[in-house]
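Order of writing sets the labels: A, B, C and D. Residues in every chain begin at 1.
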Amino acid sequence: MSIASDAATRPIGLHLSRETQQLAYRLLAVALLCLALSIATEAFFTANNILNVLRQASLLFFLASGLTLVILTGGLDLSVGANIGLSACFAATVIKATGSPALGTLTGLATGLAIGICNGLMVAKLRIPSFIATYGMLWVLHGITYYYMAGETIHGFPPGFRQIGSGYFLGVPIPVYLMLAFLLAGTIFAQRTIWGQQIYAIGANPVAARLTGIPVDRRLILVYAFSGAMAGVASIVFLARLNSAEGDIGEAMTLPAIAAALIGGASLFGGVGSVFGTFIGALILTLVLNGMNLLAVNANWQPLVTGLIVILAVWFDMVGRRRT
Amino acid sequence: MTDQAVSSPLLRLPAVPGVAVALAGLSLLFALASPGFLTAGNLSNVLVQSVILLLLALPMTLIIMTEGLDLSMGAVLTLASLVLALIVVATQSLALGLIGALAVGLAFGLVNGWLIAGLSIPPFVATLGTLGAAQGLALVVSDGQSVVGIPRFVRLVYSGETFGIPTPILIGAGFYALFHVLLYHTRFGTYVCALGGNRDALTLAGVAWKRLLVAVYMLGGAMAGVAALLMTARINAGHPTAAIGLEFDAIAAVALGGTSFDKGNGWLFGTLLGVLTVGVLRNGLNLMAVPSSVQVACIGALVIAALLVDSLRSTRS
Amino acid sequence: MSTSKLLAAALPAILFSTAALAAGETIAVFTKNQTNPYFQTVRVGAEVAAKSLGAKAVHYIPTKPDSIPEQLSQVEDVIVKKPSAIVFVPVDYKAMVPGVEQINDAKIPIVNVTDRSAGGKFLAFVGADDYSLGLETARFLLKEIGGKGNVVILEGVKGSLTNIDRVRGFNDAIKEFKDVKLLASQPANYQRLQGLQVMENLMQSHPQIDGVLAANDAMAIGVIEALDGANRKAKVVGINGTKEAVDAIKTGKLLASGDYNGFLQGCIGTLVAIRALRKEPIVTEVVLKPTVVNASNFQPYDTPLESRSCPSWNEAAALASKPN
Amino acid sequence: MSALMAIKPDFDTTSPPPATAEATPLFELRGISKTFPGVKALDDVSFALWPGEVHMLLGENGAGKSSLMKVLCGAYQADAGEYFHEGEKVEIRTPADARKLGIAVIFQEFSLVPYLDVAQNIFLGREFPSRIPGLVDRKRLYREAQAVLDLIGLDIDPRTKVHALGVAQQQMVEIGKALSQNARILVMDEPTAALSDRETERLFEVMRQLQAKGVAIVYISHRMAEVFALGDRITVLRDGKLVGRARPGQTTPDELVRMMVGRTVDMSYPRNFAETPGEIALEVRGLSSKNGIRDIDLTVRAGEIVGLCGLVGSGRSEVARAIFGADEVTAGEISIFGKPRRGGPDAATMAGVGLIPESRKTEGLALIRTVADNLAVAGLPKLFPNKLFSPTQARRSAEELIKRLRIATPSPNQSVALLSGGNQQKVVIGKWLAAGTRLFIFDEPTRGIDVGAKAEIFALIDQLVADGAAVLMISSEQAEIVHVCDRAYVMRGKRIVGELSRSELSEENIVRMGMHHD
C-alpha cells in the first residue's frame, strides 16, 4: 500500500456522517433553544406559540429555500426581497381587477419566475457575476415597483384567498402546511432527482461539471428560476397574510434569508448545504427573534444577535470540517 | 491546458473599460440635456457628494482584490459616526471624537480580519455577522435617536473650503493619492495583489500574509472611521441609520470600475471612475427631475450594463 | 460596449419626456420615501394645489427610503436647479438641518411640512399635532372599551418625531383612565408585517387584550390581520387616516384612525409657498386640529385623493395657529 | 504489496562527484524526518550536495520529494534532523532562513501572482526600498528584472502582467525568480514539464552556466532522458525513505524504476493490436475552432487507440475540446458513430463521447464530493432514466466500478480528494463507464501518475478498446504513443501535419513531423 492510500483510509468514519452530524448539531441547537425559552417564559411552550413560530418561519423559509439552491451552485440571489415586492404588487392588481385569486396567484408566481429566469440568463448566458447581476436586478425591480405603485397600497382581498396566509386546517396554520410541502418537495428535488445531483456537482466544481456533460447553463437558469418562483410563492403568502400589497414588502427579508441558509450549513463556495438545513436555519432565526420578543428584550439587539449566530454557525462547521 | 501557450496580444492593448464609456456618455448626455449640469458649482457638488462613497470604495477595492468582501462598512461607519457625535457633544473636542471613530473602525476591522484570517471564516459570512453587530450596537448606543448638539465648527469639515476648494474634495483627492501610492508603490500594495492572486507565493516569499490580511480589513475599518467624520459633519448629527447599505453602493462602484472578484485583479482608478459614474448619474437625473422610481431602475441598469460590457470583453479575448 | 451605448441612447427619451416644465412657478416637493402611502397624500395635495394656481410641482424622493445622505444630495442638486420654492418634509428632523441651511443660503423660499425641522428658516410650518392626535385617538378607543381593560401600544420607528409625540399622547390618555392597564409597548417600526408579528407574539403572552393603540395605520392593519388569524377580538386604532384605514373602518374592522391629513398638509404647504412668491399674504404656522376618523364621519375621506380639492385660501388661513 | 527486490544502493555519498575537488559539501541534510498525522512523509533522509553538481531526485508521487523540497525551503519544519551549510550546523525554520542560506526553489505549481507584473513577481518579498521610506524603488525593480530576463533569454517586457503570459513563459519567469536570488542551491521540480524544446535548451544552458559558477542544483524529473543527460548523481526516494543512490553511467532506467516502485514494472505496455478495426466512431472534417485550430481531419474507429501528438502548444487539447463541444466550432463537421454532433459537452456526452481532461483536479473531479458522487455524475441520465435519483443504486453502481477498476478507496463515501493520483484518474474513467461512453478522449492520461499506476491505466485503456470502445489519446510522452497506439496523428501549429500508421510509429518519426522547420 502506498502512502497515499494509507492516508486515504483514516478519516472515513468521521466523514460518513459529517453532513448528518451538522444537521444533528443544529437540531440539538433548536432543542436547546426551545428548552431555554420554555424555562425562561411560560408563554413559549404553548401550542399557539409553537404554531406561531412555525408560521413566522415559513415566510423566511420560502425565500431561503430557493436561495439555498442558488447558493449550492456557488451563486447568490440578492434580488429575492425586491422580487417579492413586485410579484405581490402584480398579483394584488390582478386579484383586484379580476376578482380571481387563482389568476392573481398565477400572476405572482409567473412574475417571480420571470424575474428568476432573467437572473439566470444574466448569470449563465451573459456571465455577469451573480452578486452584481442580482444586485442590479434588485434596483431595477425596486424602480419598477415604485413606479407601478406610485406610493399607494392595494388592499382587501377575498376571504378565500386570505386563507392561504391566515387560515387554519386542523388547528395548524395553512402556511405551515405549505412550508412542509415545499420542504419535502425541495428536499426531494435536491437529494432525489438527477437535477439536484447535477446542481451539487456544479457548485462543487463548475468547470468539471461542464466537462462531465452537465448542461451547466440550463441548470443555472433552472436554479435562479426556482429561486424567483419561490419568491413568487412567498409573495402570495405575504399578500394573503398581510391582506395588502406595498412596494417595500420584502425589503428587509433578503439578508435574513441569506443568514438562514448560512445558519443552515450552506457554503457560499457552493456544493454544500441542504434545503432541510435551511429549514432549521430559518427555525433558529425565528426562534431567537420570538424569544427576544417574549422576553421583551430591546429590539435594538436583534441585528447583533442575528450576526453572532451566523458567525457561530459557520465557524462551527469550519472547525468540524478541519477536524476531518 | 498547456496547449494554450500563446497569449493573445489583444490582452495587452488598453481596451476602453465599460465604466469610462458610461461616465463619458452620461456626462455628455447631461451636459446636453441640462444647462445646470456643466457649471463649476454643480461639478464641485457632484465631487463633494461622491467623497464619502469614495472613502469606502477605496479600501473596498483592496479588500475585493484579496478575494474578500466587507459588508460591515456601512454599519461600522454609522456606529463610528454615532460614537464621534457622542464624544464631540460630551467633550467639544473634534480630535477626541475622530480618535473614537477611528478606534471603532479599527476595532471592527481587527475583528473582521481575525475572523477571516484567523478563523478562516469566509469574508461574506464574517462581515455579514459584524454588519449585524455594528448595526445592533448603533441602535443600542443611540437608542434609535439622532445624536445632536454638535458644535458648528464640525460642519466646516464638510461644508468649508481650503485654498478655495471644498474641503471634502481635498480629503477625497488626498486619500485617493494615498491609496494609489499604497497600492502601486509600496510592498503592502504588491502583497495585497498577491493575497488575492496567490497566497502560497507570499508564504514562500516569507511574507506573513495573515497579518497583512488583518491589516487590509483594519484599513477598511479605519476608512469607515474617516468617512464617519465626513458623514457626521455633513448631517451635523449622528444617526443610527445614516449609512446603512452604503457598503453595497461601494461594492457596486468597485465592480463598476472593473475590479474583479478573483485573482487580485484590481484597478484603483476604475474605482474612482465607478464612484463618479454613480455620482454623475444621480446628480444628472435629479437635475432633470426624473422621477425617483425611474432613477432607481437606472442605477440597476447601469450596474448590469457596465458589468456586461466587461464580461463580453473577457469572453471575447 | 454596444450595451452602454444603447443605454445612453435610451436615456434621453426618458429624461426629456419628464423634464418638460410648466410655465409658472416650479415647486420642488421633498418627501421621505416612495413606499409609505402617507407621503403620496402629501404629494397629491401639493400637486392639486400647484395645479390650481398654475404652478408645477416636481418631486424629489430618496431612492433608498428615508436615506439622510441621499436627501441631502438631492437638496444640493436642487439648489443648482434653483426652483421657485421648496416644500420640505425632512427625512430626519435633526439630521436634515444642514440641508435646510444650504437652501436658506441659496435664498430659495422653503415651507416645512409634516415633521417640524429642528433648525433653519422657513416661510411657514404646516403639520399636525402628533401629541394631540395620539391623545385624541387613544381617548376615543379607551372610551369605546368602556374606560377599562387591557391595552397594548405598537410604536413606530424609534427616534422619529411622529412616534415620540404619538406614543406620548397614547400614554397620557391611558393615564386618564385608572382602570385601563397598559400591558406592553413594543416597536413595530411602522411596518405592516412587523405589526402583525409583534401582535402575534403579544397575544401569546397576553390572553386578554381589549384595545390596541398603533402609531400608524399600517401597523394597525397588521394587528387586525393578526387578530383575525387568531380568531380574537380587540378594538384597534391607528393614525394617519389612509385610504386603507378608511376602508377598514367602513367594514368595521378598525375602530378609528387619527387623521394626519397629508393631503391638506401638502395643499396648504404649497399654497403658502406660491402665495409667498406672488407676494400675497401668508400664514406662518398651521397645525391641523386632530380629527378622529370613525364609523360616523368617514364619508368625506372615502373619495379618491386626486378628485379631492384643496380648501380655498380663506378656509386654509382659518386653520392657522399663527397668522402673518 | 509485492516482494521488495533487493536493492544494492550506492552508498558512496561521502565522496564528492568526480567533477569537483572540494572536500566539504556545500549543503548537507542528516536524518531529516517529517511526520504528518498518519503519514511519515520523510523518514531519516540524509544527503549531501556539492558545488557545481546536478543532483537528480527521483521517486513516485507521494515518495516524499515535495516534502523534502518544502523542508529545504523552510515552508515545512522538519521534526528531526540537522542541516549543515559548508560544514557548519544551521537552522531552517522559515522561508527567510532558507533564503539567507542561498536556497531557492522552483515549484511546479506556480508561485506567481497573476495580476502582478513580471518584475514584481520576480522580486516578491524582496522589493528594493526607495530613498523615500516605505516606498519601493521601481526604477531599480525594472532594471534588475530586465537583467534577470536577459540572463534566462526571455524576451518580454518586465512590466507585462504575468496572467498575460503563456505557460512556458510563466515557467521561465518562475525560473528567473529563483535565479535572481543569487542562489547557491537551486531546487527545480520538473521545470521542463511545460517548456518547448527551445526553452528547454535555454534552461539547460543556464543550468550549465550556473554549474560552472559552483551552484548546486537539485533536479526533480520523471523524464529518464533528462535524468541521464543532466545528472551527476541520482537519489531515489520511496515512501519517505531514501532507497537508493546511483551515478548515471552506472545504472539503467529499468533499475531506477525498480528502485522507485519497489518491484519490477513492465514499461512496454503490450497490447493486442486490432486486426480489423470496427465502425467509424469519430469522423472530423475540416474542423476549426475559436481556440485557433485549423482544418482538422481525423478518424477514429471502434476498437482502436489513435494517438494525437505534437509539441506542447501545437493544438492537441484544443482538438479534444472542440470534439467534445467545450470550445466553439467555427467551421467543419464532426460526426460521432455516423451522426453529426452539435451543441455543447452535454450533447457530446449523450452521443457517447467522454473526455478525460489533462488536469484531473480542476477539470475532471469535484474534489469536495465523494467517490460515489463523482462516479455517478456523468451517468445520471443513463442510470436514472426516470430522473429520480436513488443513493442506494448510485452506491451499488459505484461499488461495482470500484471493484472493476480496482480503485483503492476504503469506501464509496470517501472524499475523492483523499485518493492518490492514479486512483483519481480511475474515478474519472469510471464516471464515463457509468455514462455508457463509447468514444473516450484521453488528454495526457498519465500526467502526474505513479509509474506503477501508469501500467494499470494503460491496461484499462486496452480493456476499453477490447470491449469495442474507440479511444483518442493525447500524450506528450512519445514512448507511450508508440507503445500503445494503433495509429497516430501529429500536430504542428494548430494543424494536423501527418498520420503515422502502426508500422510507421516511432519516437523519431513523431519528433521529426512535429518539429518546427524554422
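Points to keep in mind about this one:
The working rule: a residue touches a chain if its C-beta (ideal position, glycine included) is under 8 Å from a C-beta of that chain, and two chains touch if they have at least 3 such contacts.
Treat the numbers as computed from the prediction; the structure is a model and nothing was measured.
Should one ask which of A-B and B-D has more C-beta pairs in contact, the pair is A-B.
Per-chain CA centroids place subunit A at a distance of 29 Å from subunit B. Subunit C and subunit D, compared by their mean Cα positions, are separated by 71 Å. Centre-to-centre spacing of subunit A and subunit D amounts to 44 Å, using the average Cα coordinate of each chain. Residues of subunit C in contact with at least two other chains: 34, 63, 158.
Those residues of subunit A in touch with two or more other chains are numbered 142, 146, 150, 300. Shown are all chain pairs that touch, namely A-B, A-C, A-D, B-C, B-D. On the subunit B side of its complex with subunit D, the touching residues are 1-7, 11-12, 181, 185-187, 190, 193-194, 196-198, 200-207, 263-266.
Interface residues of subunit B, counted against subunit A in their complex, comprise 115, 119-122, 124-126, 128-133, 135-137, 139-140, 143-144, 248, 251-252, 255, 261, 291-304, 307-308, 311-312, 314-315. Touching subunit D in their complex are the following residues of subunit A: 1-12, 15-16, 191-198, 200-201, 204-205, 207-215, 271-272. Against subunit A, the residues of subunit D that register as touching in their complex are 1, 37-41, 60-63, 239-240, 324, 326, 344-346, 348-350, 354-355, 357, 362-369, 373, 376-378, 380-381, 384, 387-391, 408-411, 413-415, 418-421, 423, 431, 435, 450.
Per the touch definition, subunit C reaches subunit A in the complex via residues 33-37, 39-40, 43, 63, 65, 158, 184, 186-187, 191-193, 196-198, 200-201, 203-205, 218, 221-222, 225, 228-230, 242-244, 247.
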